[in-house]
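Shown next, in structure tokens, is the structure this report addresses.
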Amino acid sequence: MFVNRRNVTIEWGDCDPAGIVFYPRYFAMFDASTAALFAAALGYSKYEMLKRFDIVGFPIVDTRATFHVPSRFGDVIGIESQASAFNRSSFEVVHRVFRSGEVLAIEASEKRVWAARHPTDPERIKGQTLPPEIVARLSGS
Amino acid sequence: MFVNRRNVTIEWGDCDPAGIVFYPRYFAMFDASTAALFAAALGYSKYEMLKRFDIVGFPIVDTRATFHVPSRFGDVIGIESQASAFNRSSFEVVHRVFRSGEVLAIEASEKRVWAARHPTDPERIKGQTLPPEIVARLSGS
Amino acid sequence: MFVNRRNVTIEWGDCDPAGIVFYPRYFAMFDASTAALFAAALGYSKYEMLKRFDIVGFPIVDTRATFHVPSRFGDVIGIESQASAFNRSSFEVVHRVFRSGEVLAIEASEKRVWAARHPTDPERIKGQTLPPEIVARLSGS
Amino acid sequence: MFVNRRNVTIEWGDCDPAGIVFYPRYFAMFDASTAALFAAALGYSKYEMLKRFDIVGFPIVDTRATFHVPSRFGDVIGIESQASAFNRSSFEVVHRVFRSGEVLAIEASEKRVWAARHPTDPERIKGQTLPPEIVARLSGS
């Protein structure tokens, strides 16, 4: 699989009164990491991707995270992301967070739907078949 | 088990360009829901609880969420929370989100550690035995 | 002017390592307070308002806040909001935050544009004349 | 004055249903930009700075921002930050946001207090005289 790695600096505002990252912030980082994975694999931004494939996004349907080591403001974490499975209209991504280079701090996984506006009700969204190009690029093939 | 239910109004700023809740915001709501569960079961605030038991918080070690139905700004969701397991120095909580009264929109679970400052290194935190009073109150006994 | 007051509980996740509210969170509360002001004055939600008037929102063009007293998690603050001026396609709102009932903790003001999709470029937004009904309701007349 | 510039990628989760940045997110970016300004001027992180000078942070007492041009997810904005005034126990910083290289998108200013724990009440914070070293480094002298 195609792997993308990016570094994120933990900011003061990411942390809670215990001085460590407020965990919902990690999910915001993962959401950006999935967008970065797609951008790196496809060669263009998520903004461009939504327009090219006429989708509204890839909303999450399931996610899980296990937190081994906390981080605090000033830390620079590395987030390694890759697709782990493809279904008809959904896909799965795993994220691994490393602290101080080699320490595995967090393991997370997520399942997302490739979603377009519902054809008859613009208020709703509807899963679409995952384009073969997307699967090919994320597979690294 | 003792169950706490609270209503949360989805705000404009909780939502993303697809018009639905940006999922990391749900985890912020769940974090507040666990605090509200404890406050309701104990009869005093999380702030007071941290002082009484000399802990720094109950950081998350594992969480999982399955999203069945999206919500958008203006929706009022109900979040039902209860403890689901107790271990020596950790506990588990489940949250169920209902939309439009009865529709089960999200199911989430989390495991947290009852954590104090490390006795010799104030930079670190350390799990503590869960006080029997906490277990009793959350058990509804 | 029509005044709306709402209470907000400061959550653990709203606070930073100093144990007080991370100030960007106040702006999220103010954004929700302006939406609540409109909803209270109009009698329907912001979601409904956007549809009725065919606008995309009321993005901010200027804001200022002075912070007199910090708040911490567990505090319940009162936010009092009211329109303070109306222009052709923009309006101004002031928010006053009270802590412990009577202590004035924050004073904030904001100017927003009543904005629709640009008629020829859907990527852009464009100010629209503020509907008289909106002005009348927010004026409390 | 010493000037620091950093680039920030606007993420999907920074944006609201109108597809543009939810403005409280800009204040989170400014908070991180002030920390980055100090780190660049001093040569060490905010985390290190708090320990060296025994302070709890530099909480905001006043801020103002004028938004000229909106940004949307996928945009890379440049944030230029510099100190603009020094008082006994407070200082002022201005941030200028540029979009697409040269377009001035936002102008913001803020006043912060150099704050330590209150000597007799650890629940409170108290302004401290700004260290000459801080003033000198931020002045670029």
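The first chain written gets the first letter, and so on, giving A, B, C and D; residue counts start at 1 in each chain.
Just so it is clear, a residue touches a chain if its C-beta (ideal position, glycine included) is under 8 Å from a C-beta of that chain, and two chains touch if they have at least 3 such contacts.
Keep in mind it's a predicted model, so treat the numbers as computed, not measured.
Touching chain A and chain C at once are the following chains: B, D.
Centroids of chain B and chain D (each the mean of its C-alpha atoms) stand 31 Å apart.
Averaged C-alpha coordinates put the centre of chain A at 23 Å from the centre of chain B.
Here the spacing of chain A and chain D, counted between their Cα centres, is 28 Å. Listed for chain A are residues 12-13, 16-18, 22, 24, 28, 31, 57, 72-73, each touching two or more other chains. Judged by the touch criterion defined above, the protein chains are all mutually in contact, each touching every other.
Contact residues on chain B toward chain C in their complex (touch as defined above): 9, 11-13, 28, 31-32, 35, 45-48, 57, 72-74. Remark: chain B residues 12-13, 15-19, 22, 24, 72-73 touch chain D in the complex. Contacts from chain C toward chain D in the complex involve residues 16-18, 20, 22-25, 27-28, 31, 56-57, 59-67, 70, 115, 125.
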